[in-house]
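First chain A sits with chain B, and in the next complex the same chain sits with chain C.
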Partner chain A sequence: MADLGRICLPLALLICVYGIGASIYGARTGRIEFSDSGRRSVYALAIVLTVAFGVLELAFLRNDFAFNTVADTSSRTTPTFYRAAAVWSSQEGSLLLWAWLLSLWSSLALFLVRRRMRDVAAYATAILLGFGAFFISLMIFYASPFSTTNPAPAEGVGLDPLLRFPTMMIHPPMLYSGYTLCTIPLAFGMGALLARRVDADWIKAIRRFAFAAWLFLGIGILLGARWSYSELGWGGYWGWDAVENASLMPWLTGTAFLHSLMIQEKRGMLKVWNVSLVLATGTLAIMGTFLVRSGILNSIHAFGGATLGVPFVVLIGILIAASIYLVVSRRDMLRSQHRLDSLLSREAIFLGNNIVLVALCFVIFWGTYFPLISEAFTGTEASVGPPWFDRYTVPLALLLVLLSGIGPVIAWRRATFANARRNFAVPLLSALVTLVVLLAAGVAHKAFAIAMFCCAAFVLGSISQEFFRGTRARRAMAGEALPVALVALVRRNRRRYGGYVVHLGIAVLFVGVAASSSFQHAVEQRLSVGGSTHVGKYTVRYVRPTATITPKNDAVHTGSTLNIGAVLDVSKGGRHVATLSPSEGFYDSGEPAQGTVGHLIGGQAVSHISMSAGVTRDVWTAIAPDISTPALQRIVSIGNRTLPADEGVVALGVLAREYLKHPPAAQFHFIVSPLVMWIWIGGLIVLGGGLIAIWPTPSAVRRRVAMRSRARAAHGLARA
Partner chain B sequence: MQILIAILAGVLLAVVFVVISAPLRAARSAERTGVPAEGEQARHSAASASYERAELEAARETKYREIRDAELDLRTGKLSNEDYEAIDSGLRAEALELLDRLETIDSERPANNAGPGNAKPKLEG
Partner chain C sequence: MGLEYWVAMNPSRKRTVRLIVALSAAVLLASALIYTSFSAASPALSPTQLVRQAQPGRSYQVTGTVVHGSVRHEGNGLDFSVADRAGGTAIPVAYTGTVPDPFREGREVIVTVQKQGARYVGERDSLITKCPSKYKTAPAGEKQNY
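On to the complex of A and B.
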C-alpha cells in the first residue's frame, strides 16, 4: 500500500502545477473554463490527498511497521485511539495532515465562491495550490510519509508518552485547521490585489474563513494549554514557549482583522491596514508551521526530524516580499473613502483595540524570534523567559479587556458625552463595586490582578447592559415574552451579540489567568510516608506509596513499564477535601546495553499529575519518586546479570514490591491555584460566542430582512 | 497486491482527469455544437458588469445592516434622537443610491449580453 501513497504525492504535485497554470491563464485571459479547471484541480488535490492520508492512517491502524513513520511513532501496545492519531505525531505525517487540511478547506472556500469574484478566485486558487505544492514537495524531497524498510521490524517504538493524552491528539488537527484556514484570506487578499478588486465583495467572501481560522486556532491554543496544565509536570498552562507563541501571533492579528474589517465594511476605511493584517496573519501562520516543522527548535513541540528550515525561510521571504510589493503598488486603490467622524465612536475604539492587538503580537514576535536570530548569528543560545513576556503583555492585556468592555456601549460613527455618561454608568459601577470588595478582602498588594478583575467586571457590566437593553427594546417592538425576545434579538443580530459573548468569554478567561497567576500557592517538598505539608490553607499528607507494572495495569494506557506514585490526602481546616494519586511512569528505552531490566525503565520518565479541580480552585500535585536508592538499584543490577532478555519484567515486579515495602522519601510539587477552571469556561464561552457570530442566517430570513430593509430605506424619502 | 494498487492508481488518475478536465470538455463541446463563443470584449463587459453587481450587492447588504445597527443603537440608548435622525437619513440615501445603481446595471444587462451569443460553460461546482 505504500506504493499507492508514493504515487499520490507526485500526482498531487502535478495537479498543483497544472492548477496554478490553468488558474493564472484563466484569470489573465478571461477564459472561464480554465479558471474552473484550476478550481477543480483543488478538488482533485483533496481527493488524492484523502487517499494518501487514508493509506497512512490504515498503515497505523494495521500496525504496518514497514512504514518508517509507523515504526517510529506507534507500536502494537499503543491503544487504537492513539494509534489513529499518531499519524500526525511525526514530521512526515504532520506535513501530510497540513497539506490534506489545506486541500479540504481550500475546496470548501472555492466551492462557496464559485459563482463570484472569478478573477480574484482564480488568483487565490493559484496561491493556495502554490502552498499545496510547497508542502507536497517537502514530503517528496525531504520527509516522505511513505518511506519503508524491508524487512519490516516486528514492533514499533511506540508513541511519545507525553502525547498519550486525549486533548493532545486533537490539538494538532485543530491548530493545523487554523493555520490552513489562515492561508485562505491571505490567498484571497493577494488575489484581490492582483486582480485590482479590493472592495466589499472579497471582504464578504473571506469573512467566514477568517472567523473559522480564528475559531480553530483558538480551540487549538486552548487545547494545548489544557494539555500543558494536565499532563506536563510543571503545573502551568502557558510558558511562553516559542511554539505556543507561534500559534498565538496569527490569532492576535486575526482578531484585529475581524474587528477592523467591520470598519472597512461600514466606512470604507482602513483598507491598507486590513489587507496588511490579512497578509500578516497568513504569513504568521506559515511562520508558526516553520517553527514547529523546520527543526530549528529543540522543544517538546518540535518533533525533530529533517531540517526543513531553508525551504520554509525561502517561502516566508517570498510571502513577505510579495505582500509588500502588492500593497505598495496598489496603494492608490486602497485609499480610505471616509475619515474618522469622532474619537468617541466605535470605530475609534476598534482602532485602539487593533493597535493593542498588533502591539501584543509585536512583543511576542520580538520575544520569540529575537533569540533564534541572535543564536543564528552568534552561535550562543539565547532565551527570553516568562518574566520578560509578562512585563509587556500584562499591561496590554489589561487595556485589551478594558476596550472590549468600552466598544459595545459606544455607537458607530459618533456618540455624545451625555450618552456615554449614561451608558458607562452600570459598567463603571460594576468595576467600582468589585474594587471595593477586593480591597476589603485585603488583596491590595496584587495590583495587576485587581486591575484585571475590575476590567472584567466592567466588561460584564457593559455586556449585561447590552443584552438587557436589547431585549427590552425587542419586547417593546414585538411584544414577545422575555426568553423569546432574547433569542430573537440574538438571532436577528448574530454578529453583534455573538461578538458580545466572545468579549465576555475573554474577560472570564483573563479573570482565571489573573487569579491563578497572582494568588497561587506552590510548594516543593520531600516527604516520607506519613509526612505532610501546608500549601496555602490546605494540608497534604502522604498516605501510602503505589507501584504498578506493565501497560495492562496502567489505567490510562500510558504504556509505561513501571509506574510509581503516591496516595495523598488533602484537607482544609481538618476536613477532607480530596484524595490525589500522582505518579511517575518509567518507559522502555529500547537500549539493550542498559541491561535486561535497566532498559525497561531507562527511557524518558513522564510525570502523571493528579488534580482536584473545582470552580473556586484547583489542587494540583506531581511526584518525582526516587528509584536510585541502593536497595532498588541492587534489584536492577541482579536482574541485569541473571535474567534472560524477555524476563526483565520479573525484576520489575520485585522492585515494585520492594518500593511498596520500604518506600524512600519522594519529591513532591504541590500547587493550589484559584479560579483556573474559569480559563477553560471562558474559552468555552468564547467558542460559543464565535459559533453564534459565524452561524449563517437561513436564506428565507435573509430575503425577508432584505425586503424590509429596502422598504425602510425608501420610507421617509418618498420613494417606494 | 501490486495489481490492486495499479487498479486503484488507475481509477484515481481517471477520477482526477474527469474532475479537472470537465470545464474544458464542456467548453469544447459547446464550440462543436455550433454555439459560438463570446467575443472577448463581450466576455469582459459581462464580467465587469457581474463584478460591479456583486460589489454593489455586497455594499447594499452592508448598508442594510448599518441601518438596522443604527436603529438598534437608538433603541439601546447609544444614540440620541438627533444623531440617529442624521445618521439614518444619510444611510438611507446611500442605500437608495446603491439600489439605483443596481437597477441601472439590471436595465443595461440585455445590452451587455447582446451579440453573437453566450457560450459560457454551464458546468460549475
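On to the complex of A and C.
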C-alpha cells in the first residue's frame, strides 16, 4: 500500500511540472490545445492525490503501523472516528490534505471557466499547479506521509487526547479548504495581471470562490473557537494565539475584498486596491499555513519542527515580490474610471470598512509576528499579550459593526440629508432605546459592552428596515402574502440579502463576545466533598466524586483509561439550576518504563468540561483531580510491582474505589458567562447568510442554460 | 474662512490634501501601535537569562521545562520550578489561573512572570504548555525514510 502512495507523489509532481509548462506555453502562444491540456493536468492531479489520500486514510483505518505517521498519531485504542481524523493531525498528513484540497478546488474553479478567459485561466492554472508542486515537493523531500518502518511496531502512540473532540473531524478540512480557496482568487488575479486583462471578468469568475474561501475559513475559525471553549479546559474561545491569528488575517482581508469588489463592479473604482487585497489574502493564507507548519512562533498549536521554515520563506518571498512587481508594472491599466464623489456615500463607507479591516489585519499581523520583529530590531525575542491586542482590536471591532449597519442603508455616490433622515431614523432610534435600557439596568461601567450593544442594535434596526421595505414593496406590487414576499425578495437578490443576513449574524456574534468578555465571573477554587463556592449569582456545591475505569470506551468515547470527576450541584438563590459532572480523562502513555499500572494513566490528562448552556448564560465547569496523594500512589506502585503486564487495569479499579472512598480535595475552575451561546448562534446566522449569498441565483442558472443552448446553436450553425 | 476656502478649492488639490491628511493619520496611528508594542512586550528569556537580567516590576516570558518533583498545589495557586531545557538554573514560580491540560513535570512551558523578591510571580492565565506532539520521540525500529 505504501508503495502505491509513494508512486503517487512523484507522479503528481510530474503532472504539476508538465501542467505548468503546457499552460504557460499555451498562454504565451495562444494555442488553446496546450492551455486545455494544462487544465486537464489539474484534473489528473486531483485524481492522483485522491488516490494518495485514500491510501493514507486506509492505513489509518487499518492500523497499519508500518506507516510512520500512523504509528506516531494513531493507535489501536484510538476510537475509529478519531483514527479517521488523525490523518491530518500529523505534519505529513496535513500537507497531503492541503495539496489534495487545492487540487480539488482548483479543478472545480478551472472547470467552471473552461470556455472563458482562456489566457487568464491558463496563467492561473500554472500558478495553482505551482502551489501544488510546492506542497508535493515538501512531502517528497521533507515530510513524506508514506515513509515506513520495518518491522512495523505492534502499537502506535495514539492521537493526542486533546484532539479527540468531534470537531477535529471537520475543523481542519474546513480551515484548509478556506486556505486553499484563498489561493484561487490569487491565481486568477495574478493571471489577469500577467495576461493584461484586468477588466471585471476575472473578478466575476472568482467572486464565488472568494466568498467560499471566506465562508470556509470563517466556519473553520468558529469551530476552532468552539473546540477551545469546550475542550481546552480554560473556558475561553479566543486567546490571540499565533495560529488563531494566522487564520483570522486572510479572513479579514477577504472580507475587505468582498466589499470593495462591489465598488469595482458598480463604479469601476479601486482596481489597484482590489487586486492588492486578493494577492494579500492568498499570501496571508500561505503564511498562515507556514505559521502552523513551521513552528516558528510559540503557540499551543506549534505542531512541526523547524524543517519547513526555509522553503516557506522562499515561497512567501516570491509571492510578495511577484505581487508588487505585477501591480506596479500594470498600474496604468488599473486606473479608476470614477472618483469618490462624497465622503457620505456607500462607496466611502465601503472604503472605510476596508480601511478598518486592513488596519485590524495590520494590528494582528504586527502582534503575531512581533517576536520575530523584536528579535530583528533589538536582538531579544519579545511578545505582546492579549491586552495589547484588545487595546486596538476592540475599538476597530466597534467601528466595523457600526459600519456594517450604515453600509446597507446609505445611498451610492452621495447621500443627501433627506436620504439620511429616511434611512437612519429607525437604526438610530433602536440604538438609542438600547442605550437607555442598558443605562437603566445599571451597567454603565462597562463602556465597551454598552457601545457594542448599541452598535448591534443599530445594525439590527438597519437590516430589519431593509427587509421590511423590500417585502412591503413586493407585497404592494405583486400582492403576495408576507412570507411569500419575503422569500421572493431574498431569492431575487440573494447576494444582497444574504449579505445583510451575514451583517446581522456578525452583530449578534459580537454581542455574545462583548457580553461574555465584560460580564464574566470566573473562579478557581479547591473544594472538598460537600464544599461550595459562589460564582457570580450562582452557588456551586461539590456533591460527590466520580471515578470510572474506561479501558476501551469511556462515556465520551475518546479512548481514555481512567476517568475521575465530580458531581456538582449548581443553584441560584436556593433554587436548583443544574447538575454538572466535569471529569478528567487519563490516557495510556504507551511507555512500559512507567510500570504496568503507571503507563495506563501516564499519558496526557485531558479535561472533559461540563456545562449548562443557555440562551442567557453558560455555567462552565472543569476539574483537575489530584491523584498524586500517597494512598493512591501506593496502589499504583504496588500494582507496578505485582501485576502482570495485561492486568494493570485491575489496579486502576482499586484506585478508583479508593478515590471514591477517600476523595482528596480537587481543583475546580468555574465560569459563568452571559450570552456566550449567541456567539455560536451569530456564527450560524452568518453561515446561513453566506449560503444564501453563494447559492446560484435562479436567473444565473437560467442565463447559463440559455448561454449553453445559444452556444449549441452557434456550433450547429458553424457546422452547417 | 476655513470652510469657504475648502469649498472653493479645486478638486484635485482637495484630493491631495485629503490623501495627505489620511496618510498622516495612518502613519501616526501605526507609530503609536509600533511604539506600544515595543513598550508593552515581555521579552522571552530562559531561566538562566532571567536570573541574570530580571528587574522587579517588569514582565518576562520565560520558557523552560518544569523541574521534576517541584509541582505543588498551594491553596488555589500552583507552585513549580522552571529550568533551562538543558538543566542548570531553576527558578521558582508562583502561579494562579488556568493550568493547561498537558502541564506536567518535565514538560516545556511558557509563562509570563514578574520578579518579586527571590520569587517569580506568574501572570494570571499566562501559562502555555508546548504541544507535546512536537517533542515526541521517534518510535523504535529501523526507519526507512522515503
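Basically, the second predicted complex is superposed on the first by the 679 of 720 C-alpha atoms of A that agree within 3 Å, B and C clash if a C-alpha of one lies under 4 Å from a C-alpha of the other, contacts with A are read in each partner's own complex, and residues count from 1 in each chain.
The working rule: a residue touches a chain if its C-beta (ideal position, glycine included) is under 8 Å from a C-beta of that chain, and two chains touch if they have at least 3 such contacts.
Since we're looking at a predicted model, the values are computed, not measured.
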{"item": "Combined model on chain A: chain C and chain B, fit or clash", "value": "fit"}
{"item": "Which superposed partner A:390 touches (first chain B, second chain C, both, neither)", "value": "neither"}
{"item": "First (chain B), second (chain C), both or neither touched by A:40", "value": "first"}
{"item": "Chain B versus chain C as contact partner of A:370, first or second or both or neither", "value": "second"}
{"item": "Contacts of A:410 with chain B and chain C, given as first, second, both or neither", "value": "first"}
{"item": "Contacts of A:606 with chain B and chain C, given as first, second, both or neither", "value": "second"}
{"item": "Which superposed partner A:200 touches (first chain B, second chain C, both, neither)", "value": "first"}
{"item": "Centroid geometry (CA): angle chain B/chain A/chain C, rounded to a multiple of 10 degrees", "value": "130"}
{"item": "After superposition on chain A, the shortest CA separation from chain B to chain C (Å)", "value": "18"}
{"item": "Set of chain A residues, in rising order, touched by both chain B and chain C", "value": "none"}
{"item": "Interfacial residue positions of chain A with respect to chain C in the complex", "value": "6, 68, 71-73, 89, 140, 144, 146-153, 156-157, 160-162, 232-235, 295, 298, 300-305, 339, 359, 362-363, 366-367, 370-371, 374, 378, 380-385, 387-388, 391-392, 524-526, 604-607, 624, 626, 667, 669"}
{"item": "Contact set on chain A toward chain B in their complex", "value": "1, 3-4, 7-8, 11, 15, 18-19, 30-34, 36-37, 40-41, 43-44, 47-48, 51, 111, 114-119, 197, 199-201, 203-204, 265-266, 409-416, 418-419, 422-423, 466, 469-470, 473, 476-477, 492-493, 496, 705-706, 709-710, 712-717, 719"}
{"item": "Chain B residues touching chain A - in the complex, by the definition given at the top", "value": "1-2, 5, 8-9, 12-13, 15-16, 19-24, 26-27, 40, 43-44, 47, 50-51, 54-55, 57-59, 61-64, 66-70, 72-73, 75-80, 83, 87, 89, 91-93, 95-96, 99, 120-121, 123-125"}
{"item": "Touching residues (chain side chain C, partner chain A) in the complex", "value": "11, 15, 29-30, 33-34, 36-38, 40-45, 61, 63, 73, 75-76, 96-102, 104, 110, 112, 123, 125-126, 128-134, 136, 139-146"}
